[in-house]
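The data blocks that follow each hold one structure.
In what comes next, subunit A is part of two complexes: it sits with subunit B in the first one and with subunit C in the second one.
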Partner chain A sequence: MPHHTFLKFIWPSALAMLIFIALPIVSISIQSFFIEHEKVLVVVENCTPFGCKKETRVDLEATKVLEEEKPLGRFNWFGTYTNRNHLAFSELNQAWKESQNYNDFLSEVFNLPFYKALSFTLAYTFIVTPLVIIIGFFIALAVNRLPSFFKGPTIFICLLPMIITPLIGSLVLFWMIDAEGIIGSLLQIIFNDPNLSLKASPTLTWVMLFVYGVWHHAPFAFVVFYAGLQTIPRDTLESAMIDGANRWEQTLYVIIPHLMPLAVFISLIQLMDNFRVFEPIVGFNAQASATSLSWLIYNDFRSGDGNMLFGSAAATSILTIIGISILMTPVIVRTWKANKPVIGV
Partner chain B sequence: MTKKNNWLNVLSLSFIIIWLILASVPFLWTLWGSFKVEADFFSKQDWRNAIFGVRTLVETGGIFTLNGYKGAWIQEEFWRAALNTGIVTFCVVTISLTLGTLGGYALARSGFRYAFWILIAALIFRAMPHITLVSGYLLPFFELGLWGHLSTTIVVLVAINQPFTLWMLHSFFSTIPKDLDESAMVDGCTRFQAFRHVIIPVMWPGVITTGLFSFLLAYNDFAITALLLTETNQTMVPKIAGFLGSAQEQGNVMFAVAAVVSATVPLFMLVLFFQRQIVSGLTAGAVKG
Partner chain C sequence: MFFKTILTAGAIGLLSTASYAGCGIDSGSVRIGGNDFPAYQAVAEAASQCSGGGVSVSVDLNKDHKDRQVASLTASPAEFTSSLANNSALSALMNDGLVRPLNNLIAKHASGLQDMQFVTVDGEVMAIAYMANAQHLFYRSDILDAAGVAPPKTYEEVLAAAKTIKDKGLMEYPIAGTYAGWNLGLEFINMYLGHGGEFFEDGSAKPAVNNSKGVATLNMMKSLTEYMNPDFLTYDSNAVQADWEAGKVALTNLWGSRAGPVTDGEGSTPEIESNTKFTSAPTVAGGSRPATTLWWDGFTVATNISDEDAEATFKAMMNGISTQMALANAEKANWLIKGAQPNPAGVGVLASAGGGALPYPMLPYFGAMHSAIGAEIVDFLQGNETAEKALEDVEAAYIAAATEKGFL
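== the complex of A and B ==
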């Protein structure tokens, strides 16, 4: 296809991505170097019959004018990146000096908002992703053994947790896990502890979110693996059987190698999706014990007093993008190498 | 069948039954509970109340009540949110498919190296967490007066959807033989004519599958719609999140439960009618990607 025809076909799509994906990344990198204006203060002399007092007040009008003139705020260089809510260098330094041992230091670090969010995001990504692949694989094997009459309805039910809106899915589970919901009260009976509440314990909250993540994503891995199972050449399986391979050996030496490329594909998609974990934290109302990087950004726009912290959100966004880039590099390089002969000329 | 195989069958069957219970019961439970009052849905004394509706009978005089639905749809005007969701998803799906088919077709037929680079760029764009992009939009949108309109949200969702749409349709168009449109061009068609008369009639299976996933993205989105829309033109998902904020007031939790069930129905229908396409779509992405 000649270049100009190609351009005619691709420009609307390319333009949309350029303006609304590439440009915003530029926009946040600029915003992250700015911070909200300080309030304009005026000293007012307040005179009463008993004498005059000097009072410092916020000049709301002047502040507003300033904000309208320079909506970006004032230039802050790397100030936002290094403050307490982000990389917190000075707090880290202090914690390192003051803490007696590693555990002390780590608990100090995980109290800082950014590191708290980062630790949960990474834990979620690296616990949910492998579990999704393993459980999805077993569901696929099990469904494949069902009589074909049951396969359709089974796949239908399996798809439900995946297509459900993440916020809705987490709410549905949350209401059941709630201390007064069915699972919550059942657990209280089992453990004979009327005060047991999954919400109150940080560890259990983490576990709950991991369980949600696996529940939500496992069907995706299942569908991909299930489709992969249909493409295994019968001859290969049969010759393995003739050679005396038992079921376990067939799985290990024929099925798993055949599905390996699919596992790479699933982990690529899962790494992307799990690193942006956000809705479950809102749905489970879990921010006291678990926050994620995406949630931090959301929170900067929802901080009570109506002021949106653009600078802070932008800095977290840049750090998040750096995080996902580091995570994705190996997989993207792999995809690049795998696809080169297919598309590249 | 050996004894060992029997064991394996039992194991695999019980595993799949447990999984099916985990996958379906939360939905059935919430559906059933949405017709009860709060004291039953969250029943501390006896979990069976939620099934038999003891408190519901006392409070409303019937075993089932529509109070949650009435409260959500009429009192809290959930219909408005449902309408907005309808508009947003319809526009997002049609626009993304239009842009995506053109782009995907070009990428599949280009034959030049830059097509490959565009796909890699799209893959990187796909990895960007949506909310990081939203934090890039907010300030410019406030300044330009674009914030809070449905149309802005639609355009943003279309753009965010493009990387995925391009990948899907690129791999779909690659499976259509080149000879088809090239022979049309030999017969004197231009590239556009060949696309219109030869490719469009055969592209619908791929387009429908891609459309389903565009629908899911637009319908399920929370991060973008929650931050880009005003309270008056919210779509369903942020509206449900809004119910929770005011959940302290008596009865509002049941509004949220009813709204959640209402919002799940279209998704349920989608799987019911398009199960085959969803499965084949996930597979198509996997085989090429």
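== the complex of A and C ==
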């Protein structure tokens, strides 16, 4: 394609990417280096229906002068990144010095909000992604062998978890796994433990969120693999059969190599999606046992009656972007080396 | 036909008289925003009767109003001309100067307000309160009778009563509490104030919760959770109300604004409703002050609107909090409005206030403290760390947030 044709073709998307992706990232990275001005506080008498009391308030006039001078706030360098609610360098250092053994140190680390969220985010990403690929693959294989009369309805049912809005899907499951819900009480009967509660224990909450993640994302892998299965060359399969390959060997030596680029594509998309896990934590009201990086950002915007921590949220966003880039690097390098375009991107 | 026309004309005449004469507004745009529950609905409904002619009144109530209030009043012109607020919401609005002093409007247009309704900061009236709310004890008299215990007055008695109820097999989890997220922070604040604790070093924004009162507070909360449904960390007010109406709970410290809904003849059985009783929030650790916080709810007028709209808003809201409105909605809240009848479901709030419960602190940096508490004491309640460590974490998380907000 000549360069100018390519440019004509690409400029609308390039412009959209600049406005909707590049500029916001620049904006939040600038934001993340600033914190609010020091508030000028004064003590005044406040009266409410329950009596009068001397209390502190913000001196608006004085604070406004500061804000007009420097509207972005105080320049804080990497101060927000390194404070306790983010990378917490000084806390890590202290924990390292004070802890007796490795376990002590780890429990100190996972007590810090950022690392607590990171541990769940990574566990979720690395457990859900492979399971989604494997389960999606087997569903695709199974559906592909169905008589064509059943295929349509089966595909529709298999896609349902993906069609349902994540928040609604997680709320439905949340009530089903309640101690009085159908799954929750069934588990109590199976394990013969009337106090078993999936919502009470952090470990079970994690497992529940993983199960939800697989349930929600498997249809995506299924539908991609199913499309891929339709492109398997019949003659290769037939020659494998003539060579005496059984069904398992056909899958292993013909189907899987053929679908490999699709698996790479799915893992790319899933790594990105799962690293941003958010809705199920809200839907399951699970913030006590499991938080993710996206949830931390959301929490910064909700804390203290609308008093939003913009700098803190921006710093977490930048750290999330860095995290996703690190995760994706091996997959992208692999694709690059294979020198094969990834289908669908 | 003639008769009908006269009737219609008469009706229109009546309606328009009501809408103009009742509020006395000629023109302006009134936009009311607030949290969504029956008492607020009643106020907004009464205020919107001023609509008509050159006056438009719109109402937008949402249960997540506290998350949008700052943004919507920062806009110019503000999205809402009046934001319905409470103790903690007013601090957030005032931190950014988003609500205007009402002294002039009061002098011009207000009559029949009681002095206690004025929420004044440094001599300027920033909000006009119309109702009081507090968490207080709900108990099931039939279950307590069956267990042979008197209604508890202290948290130690609450624990003893719960033990008896459980031991006698009357209920599996006799206590419920609002222990999820923001609510959990408030439960700590209530209990800590009941212990006589202070949140900050005197006259500064430096935290001071890591002390023996803080530890005692956490230990009491943990003891209570032993009698709660194991999912307690996912319970908000709605979940507690649902369990209460299902008859699964005998003791809870719940909002006064839920007292009406659990006795309204809907969502529960007559047996449970008739045995649902309210009293003051319990005291704790030998203290004399009920372990709860008092909340007022009132209206504010936004800064970023024209003076004309501000005047129209003030008049419409005065109509919203009229004595007639309070009389017509007596069961929905503890109205602070002059001439209002006492609310039969409001005894708990009154008893808690009478017992000397403190108002929720109106400090500009208290929101950061509240969030830090809600997030950091979870590990202790799950048994993963000691009370001292949890309080240390609360202080550290607060310091990080307050530094970013410029308070430290």
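Simple rule for what comes next: the second predicted complex is superposed on the first by the 286 of 345 C-alpha atoms of A that agree within 3 Å, B and C clash if a C-alpha of one lies under 4 Å from a C-alpha of the other, contacts with A are read in each partner's own complex, and residues count from 1 in each chain.
Please note the rule applied: contacts are C-beta pairs under 8 Å (C-beta built on N, C-alpha and C of every residue); 3 or more make two chains touch, one makes a residue touch a chain.
Being a predicted model, the structure only gives us computed values, none of them experimental.
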Per-residue touch tally on subunit A - higher for subunit B or for subunit C: B
Contacts of A:E45 with subunit B and subunit C, given as first, second, both or neither: second
Partner chain in contact with A:Y212 - subunit B first, subunit C second, else both or neither: neither
Subunit B versus subunit C as contact partner of A:L60, first or second or both or neither: second
Touched partner set for A:F114, first subunit B, second subunit C, both or neither: neither
Which of subunit B and subunit C A:N83 touches, first, second, both or neither: second
Touched partner set for A:F33, first subunit B, second subunit C, both or neither: neither
Which of subunit B and subunit C A:M308 touches, first, second, both or neither: both
First (subunit B), second (subunit C), both or neither touched by A:D178: both
Subunit B and subunit C contact sites that coincide on subunit A, given as residue numbers: 178-179, 285, 301, 308
Subunit B contact footprint on subunit A (complex, rising order): 1, 3, 5-6, 8-10, 12-14, 16-17, 19-28, 31, 71-72, 138-139, 141-143, 145-146, 152, 154-161, 163-168, 171-173, 175-176, 178-182, 185-186, 215, 219-220, 223-224, 226-228, 247, 262, 265-266, 268, 272, 275-276, 278-279, 282, 285, 293-294, 297-298, 300-301, 308, 310, 313-314, 316-318, 320-321, 324-325, 328, 332, 335-336, 339-340, 342-345
Residue ranges of subunit A in contact with subunit C within the complex: 35-39, 41-51, 53, 55-58, 60, 64, 73-74, 80, 83-85, 91, 111, 113, 178-179, 195, 197, 199-200, 202, 284-289, 299, 301-309, 311-312
In the complex, subunit C residues that touch subunit A: 66-71, 87-89, 91-92, 94-95, 97, 116-123, 129, 132, 180-181, 203, 205, 229-234, 236, 294, 296, 336, 353, 358-359, 361-368, 370-371, 375, 378-379, 382, 385, 389, 393, 396-397, 399-401, 403-407
Complex contacts: residues of subunit B adjacent to subunit A: 5, 8-9, 12-13, 15-16, 19-20, 22-24, 26-27, 29-30, 33, 41-44, 47, 50, 98-100, 102-103, 105-107, 109-113, 115-116, 118-140, 142-143, 155-156, 158-160, 162-163, 165-166, 191-192, 216, 219-220, 222-223, 226-227, 237, 240-241, 244, 256-257, 260, 263-264, 267-268, 270-272, 275, 278-280, 282-283, 285-286, 288-289
